[in-house]
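What follows is a single structure, and I will ask about it in a moment.
Naming follows writing order (A, B, C and D), and every chain is counted from residue 1.
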């Protein structure tokens, strides 16, 4: 029987993707939708300006949107997917966890908190055990799990594949799609025939989240990885798909063939939304490309290519669908991991 | 009196920009236009599919296009601007030089030849003296001077400004406009809602040309700079203006204020096409942007911004108009330098 | 058992879409691929620069591409889908028909010939009987069937739905995607931040093909419809999906409700690629939109919306996926109709 | 001596264009800037997010922005340019007129009022005399003059040129740039790889404003022209420049040559911002194009092209820069007309 789930912040861009992914999902059944005050009491069809590229599911469309409040969510709903603005997430997510809900959240608040697991299942599923620490410390019946920022998710799996060579330094330049900023995040006048070489606080997320994701959890404490990461983030006129240029310096030498092999053989998981292979490696030097490759593995794969040696180590490019693998799909995958591990 | 000049490869994208810049230029008078066989004998208006954003100059429009052959160029023309495809340039430029013409060329052939000056006047005007070596070795009455590739020109002036701190390593990721590939170089199906993470042989140009430009000429031989450069080049859906993310590691520590100061005070030249300031430094972290900043200094300025310290040194972004400062304007500026130095 | 089919001109943009549609098609089995001389003898993977948004099918990738010559196509192949350039189509399609092949062609040559059926199955399947006249006159064992131009296919189904009201005049302005011109048809420098208000010979196709499609076939002769059509065609920076603004003046008055009803209830066919409903009518005045609605009915539906009364009659907008419903899918659908009618 | 002028709503997109045009204007001197409450007391540099493609003028940058209130505007300022949101314009413009200010307004409120002149100087400068009626009726010392909507301004001059042939019916399809909706009016997710076939209330503006502009003023009353106009408006991914497809049916036959002649010889005015020629007619069928032709006549010219006969009359395309000729420049030109006619 499918687990009854809810979506917090259901009307936004990531909320819509969540509904698109959850509606046909055999393990989950959408049973609650919350949004901000202006949507309360409306049907989802009325409340959401639906803009995802598949029609709004009929049954979801007629559900009533409630306030984002634990009292409004039915008790038989065990798992909540959160795509709230981070300030709202910070204010309300702890209340849901205290009330016993397990929250798989895409919101950026609390990602770096010591007792909050920040998880990409294929990379650091073992960090989920941090929830025991969390429950001890906070006295929660519920739990709070985060997935990283979309631009972090894109390159971290490739780093994980290379970790055995000892990563010391990473330079990463991102070319990010406009959907990463939400529906109204980037105006057309800002970006048509243009590029913007800075995304507020995004550089910091790549630099810190990546070190937490590759860190070690000893059962009590999480130690962040010691590699140095320097990111430069750019917004470009693409709809979906973050492309990243990555330079990696490793302790041990790694050849192009070894690096490609490590990526291609990096294991996926036996979870419904984990694609096999996880990392698709292109031989062609001009791939991956956002429009061509963002839907690999139903938008859940990481694409890599252009591997080459440089005077400093390895250089390559990688890409992921920022609103699927990088946001809604990441939260769903964490939900699957939570389900498999008995948290729901 | 204005020097009579010609344009080799006058109908292409850079050729059109050359005409746009040369027509109102007080020191030069367009007196010869050459192109490929299919254009021979036509008026320039008939031969060129004019696509620059100002009307085709009336007098140039009625000139007759000739073959790209020294015999077709009037003898009183002393200086030729070349925007030929590189394979054609390699085949015909030496013949023009042998016939006594001074050629200021944007074509990529021979840029790395030991006796060919590769010049950005504000950066390495002294390399022009390499022409004495060239004439000695080749027995030419004419001369061949090259300007670098558009993506090289964009970041090298900022490196030159920082050279006093001892540049050791440079990582550079480029976001390049489609005009850099010529009118038909990038199809719309390739690039709308997309980005291409590789530009054939472009990475190599940034890495090698930059070291030649910052090299030392001792009167006999040119020694390339020893810094290491690793480039990753991307094509994005912008019309004009190459944006670049640069990381620099220096021997001596350099603060953000020192770096900004070094860039802002880097001297321009007393040549008509050299803008003052040469490098415009933005405080706003999200500048420079291609559509907003590519026409600074009539398209001849370098824009920089986003300076910040990283674990590894300095990071910043820079931008230049790729078909003006990066191509046609670069050749015109070299023409002005040649004129000032008595080569014409 | 699936009919063995071939694709003439298999490496181009429409050829690739044909392969994408035919590979999973249960009624057809790809057994022959032809292309121009430069591709002969290569595997399809080598010959085609694959750019469709799904991976190249493995079995097709390893097939050998042959010359576009009846002698090169196996005898057990009965049906050929042609996406040849029109000049090539004009030269070689008759030879295939003479050799006994049935050709479902997207090429523009011969579309207006008196004895060549120009067919949109849902609109004028009865015109297929013109093949009897064709075979009589030309002595062919094979047959030649055409589908209309992509921009014609987009609006003709809506006219067919309104035909009962007596269409007298049609004004149509098109906003066409770049894929309609083939992979290299529109350069990025031509179209980014731009629009082109003319597409060579396209206006004429909308005006003449629409009248043939809505014409009457009496068993011997086809009489074109007498409505007047005036088209103005624009290229805009979209990848796929032609959007059209249509004004219709009818003999009998037609209300918005009646027009919407006529469109929504216009019958689809019991053929695999004919979607149900054929015409999707939006209430929202700002739909259909290319990126949002081009994949309705797997790219085979017509989307309409914005119906309103004007001083002159009815105004509405319509949209179809130009390389699926407007090209490759149109040919496949005609193939299905030919199969159902016993021509193969 | 230059007239001292003010800008109401100075921080928005049109307000910035107004400042770009007024700053170098020899007849006007910017002496007052107003904006909404959040900008009050700030310098213009702080208040405006400057996004026009030339640097913010230094002197204007340091001016203090005041509330949009007659008491805040110095008494020696005679003329105000208004680019307020229409609801704000409706609320505050009458107060300025009552207080004695002459207001040249781009805001859409009151454009269709019987006693408010709606003026394109080259088309209906004589309508300015309606101000006498306005002052009589309203008891104002000041005056209120409007320019039409950007999409109306684009095609009305071409209709004015053809008026002698007796215009009966007009169909017009627009392809409008995103800047027409203001900086945040169209999000990038809405428009990249897309088009939107409806712009709220825009169709109505083309249909009604055009008839007022071509109407006759007998000294007491303005009679609107009787032609019928039907408009269909589309938003496309271009930055600046509205392109329009126009069909005109006239009482008298008009050949293409006559129509082109009428447009080319349509008189400009002896006002600084009125370009000569007013209408530039292209022979090439694929012109005008937004990116290529929007800056003709410094953005104040109308470009036309593609003239052809249809079954119904004449068809052609026209284009104007929507934020210069279609908005800020239109208001400035009306200001020049007001100055010449002694209203200031």
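FYI, a residue touches a chain if its C-beta (ideal position, glycine included) is under 8 Å from a C-beta of that chain, and two chains touch if they have at least 3 such contacts.
Composition by chain, UniProt nomenclature: A, B, C, D = Aspartate semialdehyde dehydrogenase.
A quick note: this is a predicted structure, and the numbers were derived from the prediction, not measured.
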Max Cα-centre separation from chain D goes to chain A
Identify the chain pair with more contacting C-beta pairs: A-C or C-D. C-D
CA centroid of chain A to CA centroid of chain C, Å: 41
Would you mind pulling out the distance in Å between where the CA atoms of chain A average out and where those of chain D do? 47
Counting in whole Å, what is the centre-to-centre distance of chain C and chain D, each centre being its mean C-alpha position? 42
Out of chain B, which residues touch more than one other chain, so two or more? 51, 192-193, 237-239, 291-292
Interface with chain D, chain A side, in the complex: residues 13, 51, 178-179, 183-193, 237-239
Chain A touches which residues of chain B in the complex? 169, 171, 173, 175, 192-198, 228-230, 232, 234, 236-239, 243, 245, 247, 285-292, 305-306, 310-312, 315, 317
Per the touch rule above, chain C residues touching chain A in the complex are 51, 53, 192-193, 239, 291-292, 295
